[in-house]
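Scrolling down, you'll hit the structures one after another.
Look for subunit A in each of the two complexes below; its partner is subunit B in the first and subunit C in the second.
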Partner chain A sequence: MNGVYIIKRLFTSVAAFCISVTIMFILLRLMPGDYITMYLETIYRYAPPDVVEAFNHVYGLDRPILEQYVLYLLDAFRGNWGYSLIYKVPVLTVIGEKLVWTMVILVPATALATLAGIGIGAYSGWKRGSKTDIALLNGMIFIRAIPSYWLALMILIIFAYYLNLFPLGGYVDTGALITGIDPLDVANHAVLPILTLFLFSVTGTYYLMRSSMLMTAGEDYIVTARAKGLDELTILRKHALKNAMLPMVTMITLECAGMITGSIFVETIFSWPGLGMLTYKALAVRDLPLLQGILLVDTLLVIAANIAADLIYPLVDPRVQVGDNG
Partner chain B sequence: MTGRYIQKILVCCAVLLLVCCVPVTAGIPGDTDGDTIVSEKELSTAILDYLGTADRLNADELSLAAHNCLHLPYGQLVVAVAGDRYLIPATSYIDQKGVPADSLIYEGLVTKLRPKEGGPKECLGWLAERWECSDDAMTWTFHLVKDATWHDGTPFTSADVQFTYEYFRDHGNADAPEAGAYLVNSAILKGVASVECPDDHTVIFHMKSCAPLFPETLATGPGIAVFPAHIWKDINLPSTYIDTAHIGTGPFAYGSTIPGTLSKVTAYEGYHGEKPYVRDIVTRNYEDEDAQILALKRGDVDFISGEFGLSPRKAESLKNAPGIGISRIPSGGQAFEVAFTSDVYPVNIPGFRHALSHAVNRERICWLVGEGARPTETVFLIPALAGDQINPATNNRFNYDIAEAKRQLAGSGFNLTEKDGRPVLLGPDGKPVEITIPLAGKASMNAVDQKVVAVLKEDWEGKLGIKIADTPQVDDSVYLDWIAKTAVHFDGMPGRWHEDIDRLDNFQRSPLGENFYHFDNATFNSLIAQLKSTADPGKRKEIGFQLQEILAEEVPCIPVFSQDAFMAYRSDRFVGWDSALLGGGGNIRLFSDVKPASADVGRRA
Partner chain C sequence: MNAALLEVRGLKVGFPTPDGLVRASDTVDLELYHREILGLIGETGSGKTVLGMAILRLLQPNTVIEGEIRYRGRDLLSLPEDEMRKVRGREIGVVLQNSGTSLNPVYTVGDQIAEAATLHQGLKGSEARHRAVELLDAVRIPDPAVMAREYPHRFSGGMRERALIAMALACSPSLLIADEPTKGLDAVTKREIIDLFAEVNRDRSVLFITHDIEAAATLATRVAVMYAGEIVEIGAAGEVLSDPAHPYTRGLLASLPERGMRPIPGSAPSLITPPPGCRFSPRCATKDCKSEHPGLVEVGPGHYARCMLYDRG
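== the complex of A and B ==
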């Protein structure tokens, strides 16, 4: 990896960011409806046009679209992402608060799903055609086929309501109003959302790992290893797994970025106040500054994940020299 | 004071001698007659029991009985809400509206009471104990309660009310240079010319024009709450100000918040009105309604209700659950109507609208919608909400009568024929009549609009030959555009839009533009103008009756049914849920009347 490549990579990332931001700006403004009309219709039967006009004037929404775009772009780079219309605080503050809570369930869920997906997928692929492989494959297909909303609801009903093992929602018990937030209490509340996210995520990792392992298992060097008399576990661990892992790097990094907003259903069912739920609310009431902020964060995460994948690749596979053309 | 205590002791002694064998029943511990009040006599009996006479109450139950007897707040009530916007947040709730009038913390001058069916409409005093207006309704005088204090101990005076008006007035300018300085609800007070305070407990509002419903305006949805002047006087940007103290005058004072999930208010000892029986109210956020129901059944929360109440099916599913009670508020949910865009063919022909008014099978629609749907027999106002303002002569004018509908159609130039064995209605132009009904808006809640369409198809297509060509599902945000170009649509508005003759201005061709129905009747418009400048209640009612008569004749819409609202609560833990709920105000009255019935709730806090 050389310096020129890094500069090029950063430049293309900035370009990608600008293009994404532009597309987002256009799409969000093509979306029908606006915040103030929807808000006023909950108070009045009609949104009084003079009030709508006044609101748009206050928030600069009556300015020419090009002027709004230039301001938006400049502000995006300056870190001034505006005020949320529903929360009345800076967008970055709201996103920061919610992102922390999303990470509380996302990080363990992704880590567990990655480890389990790799482990189970590798084993399944290595034992191709065995009863275990077929059982695992069908089990994963079954989980994948369940609608995410329904799966989350079933987990809530079974584990929280019928078995009474976990809380029904939120991230703390009412006692926290007196004692403050207890990490153990949070962990207890986080179990079911993590379990649900884990089940959503593990199947994807499993499929890819299994396919990758199927391809690797047929390679000549595996046959050679067997011919050398190495035991199966050593072949799997030292030869097959390392090579089968390569496609996983990109997938895992992108999945980390993608799951941020993929947790909308989970956060809604379990009343977990994270970024997924925030996205849903912002979309429902057309809180444009907040939506723009969330999408900007998503864009940045995906770009960062791509760069991370590029940087991690040579570490996993020394044959890959990022930035070298030869 | 000493004499009072001696009297109490004597009563207790007398009771100790007299009462030995009164059985203790279920309900509030110590409340043996089930009137939800623990009298001194009952408390004495309970003390006897506790001391060993009968050994029926334990220490916690006795403590609860004593709290209820002495009207001291006890225990914790947990309320489920759907969305963190219902929590009392550490971040700003001020939004563009002002301090929240439905938070239990803040109060306005008055709030609305739900009228008894056929009875007069009433307001209930919060910070005003009585009020009156001049004969021309140009001046309103409010006499304030005298012993109210803000939660930080500062006395509440008329200066706070004047400050609130001036604050809204000064933050009603959208051209203000700073973002965050504008309060949308300033529009509610724009009819006020000035406010004066002759003394600490009297406020006089001088109006710009006749305002016979000014108290109701102050109390509507959920209304204007009074700001503490000593706190807000230095705050220039209310929309972005983050209030962490929430100092109000209400029955509950702000306690604490866990952002996004919990908030707590605590009974305010110095409250000027009837003090609550519950010490803490915790609001817990469950975004999903199913999770709320599970939480109620499991006992994590004590009370659930949605924006328009629980859906009837969910309320039904809770009916026989142990320890759970259901409260029903007649017409407390939405009111649904089939609405016409009066300038779009074919509903621009009055005879066609008349015909269709006899082709809506309300009984069948209500049966499909399920529990809590009650057919509307009036032309717009809802009996349970509008009380005696309904013109009885206009009731049942849109009765279901397909033969009459056919007669009306024939009389208006429509021709009912048959094609391939199916009825086809030909318009005056000789072409088949086709209509499109867009589905969206508030009528889509619980798929009510689809159920209405299913029934209309049976009659309109199957019997009258009107082809319902399309029922596109459109986004809420473009629904208004759609209904402007289609002849028929549905509406499902909150009941408060059907509670007063003043609401008939929905049909006025307003200065803001077209009304919802594109309805334009010169007499009607003139009567509405007359209504708005009339102060005399008798004359207003008379005008209201005339307006309803015009609606019955012109049929800009066909009211179909109103939906009762349902709420569910833990009846094994709290009693007193049957109090009249307020129409447009908060739930202050409800939670003030609720009493703990189980010692468990005392162990929570």
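== the complex of A and C ==
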């Protein structure tokens, strides 16, 4: 790994960022409806054209689209992501606040799903065709086949409504208004969203790990290991697991970024005040600056995950030498 | 020659498939004596590799195996798995075919060689590393101390083959099974590997599986020829290869480039439903024997062939 490589890699990342930003800019403007019309229509049932015009003038929405684009691109790099139309505060402030809450459920869910998916998938692939493997595989297919929003609703109904084990939604009890936020109370609220996110994520990791292990188990070097007289557990742990993990590195890093999107309906269903619910709200009222900000954060996370994967890979696979020709 | 080191008796190996049992090895009898090299030759799919892998019980778990494989008098087929593990790598070493993929890409060559020594001889850290360097030196890898710390992808084809041989020799086994060790090597490297086996043979017996007849001729004390899962001819290497008794062996020799490169017409038969009578009869130019299945008959001292030319019932 060398400096030139890292500079090259950063340059392509900036290019990827610019392209994403442009596509985002175009897509958001193709969406029907605008904030001021929708806002006025909810209050007055109709939007007076002169009010809409005045609003658009204040926010620069009446300028030529190309000028808006250039201004937007420059501001995006300067860190001026504008003000949220609903919250009336800088977009970055809102996102920063909500991102923390998303991480509270996303980090444990992704970590657990990755560990469980890899562990169960490795075992299943190693013991291919056994009763345990078939039972695990069918179980995972079953979970995967359930529409995810329906699964979230069922979890909510069963565990929160009927069994009354966990709160129905939100992130703290109303008592928190007086006593302040209690971490235990937050954890109690987080259990069901984490469980749901875990179930969404674990099946994908399991499938990939299982098929990766299936391929590894048939490799010649596994027979070599057996021919040395090693026992099956050592072969699995030492010779198979590390090789089967190689394709997982890329998958896990991308999965981490992708989970943000996955959290949209989990947060909406469980009324969890994170980035996902914020996206839903911003989308519902066409709060364009806020939406743009959220999508920019998502883009940055995906780009960062990609760089991370590229930098981690050579550390685990000796054949990959970053920066060399070849 | 006294009692054999390895004795294979009536070995049948079958792989269950949706179309029926593939009989990859059918009633094979074989002895391997102390310090001899037995060359096992035959075309691809004749059952040579399966025989080698069956000896160490390295075939898939659903394989159907019958018969006896006696190593120093113990039947390997009836050993419990944990006893069998002590035989693998320690008593019997194996050099698998496909040296390109038989080394684990994520560990250094030295670590992989040291592994068996650590397992069977209880060598620790630096001792085991030292042993790996010694072994790499013994198989003529230049700069063994440096190369021990390299990963397999930095090794050339010939060097990987040597590394695999070093790995198989790590615990000084009495028997080495080598599966096509000269496959895919250039003439010079091939020669070097053959010389290496001659040296390795000084302290142990070798089952040398190959379809390279020239290599077998150079190395082997005796040669066994396999066709469609059966041994069709076995005897002293010089005799079998200069004066073959079986039409298949004759055909195999005639197909060599230096002897006119005349291939045997037809192709190897199905191992699920082998031809009735002599398995070679559909391709045989000498005799048409569809009704009787010949047994192995002694055609000279210690020289046997499975052919109706000699089997008078």
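Methods note: the second predicted complex is superposed on the first by the 325 of 326 C-alpha atoms of A that agree within 3 Å, B and C clash if a C-alpha of one lies under 4 Å from a C-alpha of the other, contacts with A are read in each partner's own complex, and residues count from 1 in each chain.
One rule holds for everything that comes next: a contact is a pair of C-beta atoms (placed from the backbone, for glycine too) under 8 Å apart; a residue touches a chain by one contact, two chains touch by 3 or more.
Computed from a prediction, not measured in an experiment: that's the story for all the values here.
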Partners on subunit A (subunit B, subunit C) - clash or fit: fit
Partner chain in contact with A:Arg78 - subunit B first, subunit C second, else both or neither: neither
Touching partner for A:Lys131 - first (subunit B), second (subunit C), both, neither: neither
Touched partner set for A:Thr224, first subunit B, second subunit C, both or neither: second
Geometry of the superposed three-chain model: angle at subunit A (Cα centres of subunit B and subunit C, steps of 10 degrees): 150
First (subunit B), second (subunit C), both or neither touched by A:Asp317: second
Subunit B versus subunit C as contact partner of A:His239, first or second or both or neither: second
Superposed model, subunit A: greater residue contact from subunit B or subunit C: B
Contacts of A:Leu156 with subunit B and subunit C, given as first, second, both or neither: first
Shortest CA-CA distance in Å separating subunit B from subunit C in the superposed model: 49
On subunit A, positions contacted by subunit B and by subunit C: none
Residues of subunit A touching subunit B in the complex: 31-34, 36-40, 43, 45-46, 48-51, 53-55, 57-59, 83, 86-89, 97-98, 101, 153, 156-157, 160-161, 164, 167-172, 174, 176-178, 181, 267-271, 273, 277, 281, 286
Interface residues, subunit C side, partner subunit A - complex: 56, 58, 82, 85-90, 93-94, 96, 98, 101-107, 112, 115-116, 119-120, 151, 153, 164, 167-168, 170
Subunit A - residues contacting subunit C, complex: 219-221, 223-231, 239, 242-243, 246, 316-319
Residues on subunit B engaged by subunit A in the complex (per definition of touch): 76, 78, 83-85, 91-92, 94-96, 174-176, 179-180, 182, 184-185, 187, 221, 239-240, 242, 255-264, 282, 284-288, 290-291, 294-295, 297-298, 300, 475-478, 493, 497, 506, 512-513, 516, 604-605
